[in-house]
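Look at the two complexes coming up: chain A is in both, with chain B in one and chain C in the other.
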Partner chain A sequence: MKTEQEIKEVLRQWVLTKSKKVTDSELKFDTHLLETRILSSLHVMELILEVEKMKGTRFNLKNIKPGVFNSIDTIYSSFFGSPA
Partner chain B sequence: MSQDISKVAKILTAQSIKGFYNPFTHIKFPETLDRRNWFTSPELISIYGSSEWEALSEEQRQTLSFFETVNFFSLNVHGEKSLLEGLSRRLYDNNDADVTDYIHHFIDEENKHMYFFGTFCEKYAGKIYPDRKLIFPREYAEGEEEFLFFIKVFVFEEIVDYYNVTAARDERVMALSREINANHHEDEARHLAFGRVILNNLFKTYSPQWSTETLAGVREYIKNYYMTTWREYYNPDIYIDMGLAHPYDLVSRTFESTKAKEHRATASRASLNYLKKCRIIEENFEL
Partner chain C sequence: MSEIKFLEIPGYRWIPNGQSNFSGAVLDLFKALDGMFLRIADQAQAREFYFPPFIQAHELNKLDYFKSFPHLISFPVALDQHKAGNLEKFIDGPRCDDSGQVHLVEIDKVCDCLTPAACYHFYIHLQGQDLQEPIHLTTRAHCFRRELFYKPLQRQWSFNMREIVCLGPYDYVREFVKKFRDIVTEKLHKLNLGIEWDVATDPFFNPESNPKFIMQQLDPVKHEMIFNKELSIGSTNFHKDYFGENFGIKYQGEIAHSACIAFGLERWIFAIISRYGTNPAHWPLTEIQNV
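Let's turn to the complex of A and B:
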């Protein structure tokens, strides 16, 4: 089972691979991903699949709010931080 | 709006009136369906030609064709819901009465299609696969939001039409699925014609005013939207319903395969060529 830091790092690497708008040194766990347009709406579908894959479960997408994807910290706390 | 759009809208309205039908009696939905049928062409199935495909029996492949069709029809339900929202917002939003008239028909026909697709999914699968797309608000340059709305319609409908035409012409495919695909293609031919003209017109009107950064952003969006649209054709929910091992890995592996890339290139060629011809994109790109 991965630790919080390990999961956040997997997510950080995913963002770096998908977005050309941020460098390794710039991207922190609390960097705002949407306001800065590091990620767009179009990335989010892929990100949801990635998180589902990591968790091994499908989400009820109706409950997903935009704020969830603000940063790696918020993605972690929304999907991994507490039992679903 | 230019005279071209007005003229095209008028012709399309006349054709829509001529082809008007009652959706609730137009297609007969039997109580049950035998899943030992091809519901779409095998070549359109996401994992076609892969080792996973080769490992399936004929009956399993046909069952997979059912779930792939449920996914395809679900994508259409979600796509048409967004389209209806967008088109409704544009009713009486311009000075061209011919365009407004045609938007009424466009909405009417999309609503009918959604009824066919939704009925099939609910009646025979008991569900519509959920949509994983989320839209976040952002700011746009003048005309950019309008252009991006119609580019999304264009990409979505052009890819869908490739699947509709292929399945509708395929005699291996069971009658109901062929009928739904054929009917959709028939109406979509008009929507595609309208979409192409309006897209070209919007680009010609607004792109000269856009900054280099905005134009580059629009072109990047188009490429990303193609990719996102295509990704939905490789849905882990299908593989979960089929009981295939490691469904999420299968999605990634299949999407990245040479065979899948070739398929996407073939199915997207005509629409990319049109965008290039209109100088909306500079070069065709790999999908």
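Let's turn to the complex of A and C:
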């Protein structure tokens, strides 16, 4: 079982390999991925598949909420964080 | 608000193919509303453009338009004059039957579309340019969107859209959207139209399989002016660098960002008449001309 830090780092590395708009030193866990289009819409679809693979479940895209893919922090808290 | 009796609107004629004719008082209202939008555009010192009704299909294809909105697009078609006997075949055939359906023969290559949104013309016009200053532009275009059904002034195949567009760096364009949403809200308040702003997505075909729709859901960039809790009469849309990237438009060497404010003229007329009735004496023409 991966720790929070490890999961976030996997996601961070995924973003770095896909996007040419951000460097290793620039990309933090709270960097906004969508507002400045670090990730394109196609990247986001791929990232959804990646998170589904990591979680082992399919998401209902109809119910996907604004903000959940804003940053690595929000992805972690939306899909991997413990329920309150 | 009672149901509108469209036959009672002076100068108004509904054509069941999804279009409206205006004359007299309702045409005056149309002009007054567009004049108000132009004054808003003037506040941004927007340069006005006129564009023709066709857009070349290969330009819209750069936006994946045909995949995203195949249900909305309309094409101008013409009979193929190069194929021997084709026009004669058309003349000799039923041509147009009693139901009004045209019986086409061979049609020429289709390389154009009828304008689906006014602002596309600007990005095509500016493609490949490197802007040195932020720019503001405005146009009113006849737009065409195919629908499964039509309703007078609310859902039309052809309608008028006034847009104000801004291109420049990210922060500047974001500020433009905020500033002009406030300006429009203030004018709406003065006209007592009961509008609410709401987050919106574009009407994609098969939305759940379209990355652009998912992106709009995750990071809302479009807000609509909703009249009477049900009809969108306009919108603001912060495209970020979407059009800049697809059309190679730059701002001082970096990909330009863009945003637009759009007003649907027919829907604004609907809103005014819903609120104030079909008698032009009750329409707030003076207010519209002065706000």
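Quick notes on this one:
Just so we're on the same page, the second predicted complex is superposed on the first by the 81 of 84 C-alpha atoms of A that agree within 3 Å, B and C clash if a C-alpha of one lies under 4 Å from a C-alpha of the other, contacts with A are read in each partner's own complex, and residues count from 1 in each chain.
In this section, contacts are C-beta pairs under 8 Å (C-beta built on N, C-alpha and C of every residue); 3 or more make two chains touch, one makes a residue touch a chain.
Just so it is clear, the model here is predicted, and its values are computed rather than measured.
With chain A as the common reference for superposition, the partners chain B and chain C occupy clashing space.
Looking at the shared chain after the overlay, A:45 reaches both chain B and chain C.
In the superposed pair of complexes, A:53 makes contact with chain B only, with no contact to chain C. Contact with both chain B and chain C is seen for A:64 once the two complexes are overlaid on the shared chain.
Residue contacts after overlaying the shared chain place A:34 against chain B and chain C alike.
Using the contact criterion defined above for the overlaid structures, shared-chain residue A:26 touches neither chain B nor chain C, since it reaches no partner. Put simply, chain A uses residues 34, 37, 40-42, 44-45, 48, 61-62, 64, 66, 69 to touch chain B in one complex and chain C in the other. The residues of chain C lying in touch with chain A in their complex are 170, 199, 208, 211-212, 214-215, 217-220, 240-242. For chain A in complex with chain C, the residues that touch the partner chain are 34-37, 40-42, 44-45, 48, 61-62, 64-70.
Looking at the complex, you find that chain A touches chain B at residues 34, 37, 40-46, 48-49, 52-53, 58, 60-62, 64, 66, 69.
On chain B, the positions that touch chain A within their shared complex are 130-136, 138, 221, 224-225, 227-228, 231-232, 236-237, 240, 248-249, 251.
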